[in-house]
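Each of the next two complexes has chain A plus one more chain, namely chain B in the first and chain C in the second.
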Partner chain A sequence: MVIELHYFNLAILFFIVVILLLIGFILIYMHLRIKRSHKLHKWKLMANLLIRKAIFYEETEDDPANNIPITSRTKRLLLKNSHFRKLLTDELLNAKKNVSGSSAENLKHLYIQLGLHQYALAELKNYKWYIKAQAIQELSIMGLKENLTSVYRFTNNANELVRMEAQIAVVNFYGFEGLRFLDVISHPVTEWQQIQLLHELSHTTENFSGIEKWLKSENKTVVAFALKLAGNYHRFELHDSIVECLEDLDPNVRLQAIISLGEIYTDKTSEILISRYLIEDIKHQMAIVKVLQNIATNDDIPILLDQLNNENAALKLMVARTLAKIGADGFKSLQHHYQAQQYPLAEIIAQIKNELAL
Partner chain B sequence: MNLLPVIIDIFTYGILAYSIILLLCYIFIGIYSIGEVNNYLHKNSFTDYRILAASTQAPSISILAPAYNEGANIIENVRSLLSIHYNNLEVIIINDGSKDDSLEKLIKGYDLYKVGFFVNQQIPTKNVRGVYKSHNHIYRKLIVVDKDNGGKADALNVGVNIAKNDYIVCIDVDCILEQDALLKLTKPFLEHPHHRVIATGGVIRIANGCEIEGGRLINVNLPKQFLPRVQTLEYIRAFLLARMAWSRLNGLLLISGAFGAFDKEIVIKCGGYNHNTVGEDMELVVRMRRYMKELNLPYKVAFIPDPLCWTEAPETFKILGRQRNRWTRGTIETLRLHKVMFFNPRYGLLGMISYPYWFFFEFLAPIVEFVGMAGFLVLGILGLINWIFFVTLLGFIFSFGFLYSIFAILMEVLTYHQYKRQKDILNLMLTALLEPLIFHPFVVWSAIKGNIDLLRKKNSWGEMTRKGFTTKKS
Partner chain C sequence: MRILVAEDDDLMLKTLEFRLKKDGHEVIITHDGREALEKIESCMPDLIITDIMMPYSSGLEIISAVRQKYANRIPIIMLSGMGQEDVVLEAFQLGADDYITKPFSPNELSVRIKRFGLIKVGHS
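And now, the complex of A and B:
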């Protein structure tokens, strides 16, 4: 066992050396961090002072370039200290997100005046994805539309985050017009990305086109997003194209089509959905019945009453709720159903009554 | 031929080989977790969670909080849950037949009345006595369910039956959530178009010693008492290193019962929580994974390294012993229920790596350690083993354990940096040094007792008395 002991002693020695190195590193790192936090605090005050000055800055005739006065200390720090530059950029971005109008324009002006956009443009060429994505986000928040070409080429980038930030940027720059990347995108547009894009689009009010093309995209996530757009923006002219999506093989597309039809229904929609209901799985059936809560009429009562015989209790509850929401006739027919006094329908009706009373 | 030296050699080298493999696993976990944490932090820096909070497209969530004899703090705890800012949310409190005045306090505190409610028994549960809602519109998100006592798993199953939303978030009612916790937990469900995310979990941290006000965490402090402090270190190691590494491998078997989100449809299809085990949180995740694997459906169990939820750790050996005893029984029961997966290639990584790891290094580790230590001591006393060898081997294991803890502290400092004072970090390091001498032997002993209790078919939860959080004085 002599050999083994020798190896073990060496291993213990190695572990101890690494432990000491790590402890030393942690303590030095924390010390530097505490020291830097004092400095950061001072820098933050400087940055906020400059930002405040920019927000309330008013043009004067004395300075045709309309430059915001910057102290020589700030200029010096900007040139030589990347930490300060980062902090000032972050503070500027935060401020820009929270202001609008001339104040926002002033902040953009300050950003360019300080030359911070040059750093962002240089970072677009960085090989690290998060630096690239950060730079795109920066240009987007600052509204530097003139850099659209540099940003647009990233909208179909292999890296998810770079792609997402580029897509958000072009939509931020050009509203619905910016969505043209959907024509060619080969990567999926995740649900999260769709939420972010819809959020960006909520700031714009102009009309837009292209949905029809996206509804026929090979990329199923693009189709789902187009369906959301059609529903959210009440594009009634797309009703028939959306109905076609009910036949799609992708279950998510079908589900989204059902939900969207609930937003842009015509007098034929309930009939179309009910015919689809019979061949769908339970998840889609539930979605159809839920949509029918807003669009079904007295004509649909008989078929809905039939569905009360379905064995799935969750579906039964949904059907009962839909019947009640059709109106007095629907609720009356529900109460007169032959199972109305039996479990579970009796309890379902009690719940519906309670919901209606709220 | 004398067989004794051969047996001793087999025993010694067996323990040695086991220890080295375990150490290698830890090294792999430590290194492998770095990339995942790093990647997450970079990704997260771009996320504006306000967008998700306000979006009508955000997934609908039902929070399920079982409560048993929580009368002392139930009003504040529920208020904390109701203050969560999220668009599509309902909060379901399940009073699991409390013997105290929890329900009365809730009825009075939130102006509740009994409503006609259809409980869809998709998962069989104990009797539901009533469902309550508030007259006050401010509390429209709140549903209180009163049921016969059936344990945590049964209470959660009632919650699943009642929940109307697509995702359920199971939480211990006395947990303190971070501001964005729910949003962070929800986001992974939206990020994987090619995989169905069936569950997500986040980091649980120890709240002992922290300042809490109105159900919100005001100040993070390192616990002053040794036991909670050593558990703080243990949680950092487990959540920041182990779970992140397993998440990167997509082999995570456990989402903490204190705070986790699940796809309700899959939970129901799997039959909900198993009330025959005390490890219902782990068992559900394993069953859901198994279900997806058996149907050959692409899926993912996501885990995020953000500290999302703060919980009170046991402060006495008595309570800690009960908790670890229960965790051991839960692990064994889960492994036993799903033994078909053991080295079964049909289950891929789940059967070939995750399950065997849990079997060999979570279930067997305390047994091997106990037997090894006892064996070496006996051999030493009988003069059959070289004491120098024994001490060296112990030193080897001890120094590696300390190194692993220091590495976890380093990761914590470089990432979330919750404990900002140098004194606290030094204190954690000292705790790491003492852990193998005081805490670890006790945990091993509790695990052995868990094994024995399981053999004796003891399946109680063991009472968990909580002291309550430190509230900021005004």
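And now, the complex of A and C:
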């Protein structure tokens, strides 16, 4: 009985010690977290103050190098603390994305003055792909054109995200001229990459060349992208080269060629597309009919009327819509079709009437 | 002028505040749409600068609420990101007076605000 009580006391004592240790651990952990959060807050204030100073900095004759005044504390922190460096870099990048003109130039100047570009350039040599990609993005946002050579070699990198960041960076630096990586790229340019590149190019307005060469690339994704460029920028002189792409074995290239012809068409385009229609699959047929909505003429009415016999309801609707868009003659032929009173054409015609009324 | 700025990015908000104060304006800063709507009610600013994408209430909701309550008495400049053309159009339909695309030059914003100041003086 005495021994049992002794064990019981020991167990309670052990339990109390564990609880006390746990509470002690939680208190220390909370204290460290609060301290860290205060430190981060202080650093953020320092960084923001410096960035604001840079944004509104005006050139003075006192300092020919036009250096932005930096406190010795900031300099010290930058040298010895990688966390502060990271925080300052992130804040600088965020600010750079939001301002333009002389303020943006000042931020770039500050970035270089602090030597942050040196860290980014060193990170380009890191074996971890995400650090590399982040460094490329950093140089791109800061607009460090002078580092084009270091970034350019990653445009054909095996890693998709590194490649994408590098391609966006060179386009950001040099606009359409930056697209010359398409001459040699062996990896695919994914749909998402193409969208990103087109978005980046939308900020530039200069003329460009090279599409013809890309339309003949061995890399089918480059051909598809070149077709998008030709369509988006209305390069009418490329009409015939795009028509050649309709014969391509790659279905994506053919599809993109059809879509691009909807943007740059001549009086012969609808005829060419209709000649392709019968040998294409349903996806391409739908694309052709959609393009014909803008370019078909009265001459195309008979062949379109034939397509109303197709079993696919979506295609039937698209064809009916195209006939209606041709004009009064097209719509009249649609209403006089022998199935016009039957399901589903009767419903389709009713829907199109509603669309026309809107 | 008393200018209300609604922007969720703290750095941008402080930057705008600094610039506008430097230009001699009285600045009211708000970090989200809800706070902006409350401050508009209590402070009655002469001009509103609002970001489009913000927590709680978007810039579009602010424009709509201001136009409903105060008609065209308070001009509104919106800050929009690149590629937000549809939103910009919607904002104009709701009654925004001007917009500026990010990235923007603080000097440009300053000039645009001056223009609104002149219009106000002209009207009065």
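Here are a few things to note about the model shown:
Going forward, the second predicted complex is superposed on the first by the 321 of 358 C-alpha atoms of A that agree within 3 Å, B and C clash if a C-alpha of one lies under 4 Å from a C-alpha of the other, contacts with A are read in each partner's own complex, and residues count from 1 in each chain.
The definition used in the following text is that a contact is a pair of C-beta atoms (placed from the backbone, for glycine too) under 8 Å apart; a residue touches a chain by one contact, two chains touch by 3 or more.
All values reported here derive from a predicted model rather than from experimental measurement.
With both complexes superposed, B is the one of chain B and chain C in contact with more chain A residues. In the superposition on chain A, A:209 contacts neither chain B nor chain C. In the superposition on chain A, A:221 makes contact with chain B only, while chain C stays out of contact range. Look at A:344: by the touch rule set out above, it reaches chain B but stays clear of chain C.
Judged by the touch definition given at the top, the superposed model places A:199 against both chain B and chain C.
Of the two partner chains, chain C is the only one that A:91 touches; chain B does not reach it. After overlaying the two complexes on the shared chain, residue contacts for A:52 are found with chain C alone; chain B is out of touch. Contacts of A:298 after superposition on the shared chain: neither chain B nor chain C is touched.
Of the two partner chains, chain C is the only one touched by A:100; chain B is not.
Where the contact sets of chain A with chain B and with chain C meet, they give residues 199. Here chain A touches chain B in the complex through residues 1, 4-5, 8-9, 11-12, 15-16, 18-19, 22-23, 25-27, 29-31, 33-34, 129-130, 133-134, 137, 161, 164-165, 188-192, 194-196, 198-199, 221, 228, 283, 313-314, 317, 344, 347-348, 350-351, 353-354, going by the rule given at the top.
Residue ranges on chain A touching chain C, taken from their complex, read 48, 51-52, 55-56, 91, 94-104, 199, 202-203. The part of chain C that touches chain A in the complex is made up of residues 9-12, 14-15, 18-19, 22, 82-83, 102-108. Chain B contributes residues 16, 42-43, 45-46, 51-52, 54-55, 57-58, 115-122, 133, 187, 189-194, 265, 386, 388-389, 392-393, 395-396, 399-400, 402-403, 406-407, 409-410, 413-414, 417, 422, 425-426, 429 to its touches with chain A in the complex.
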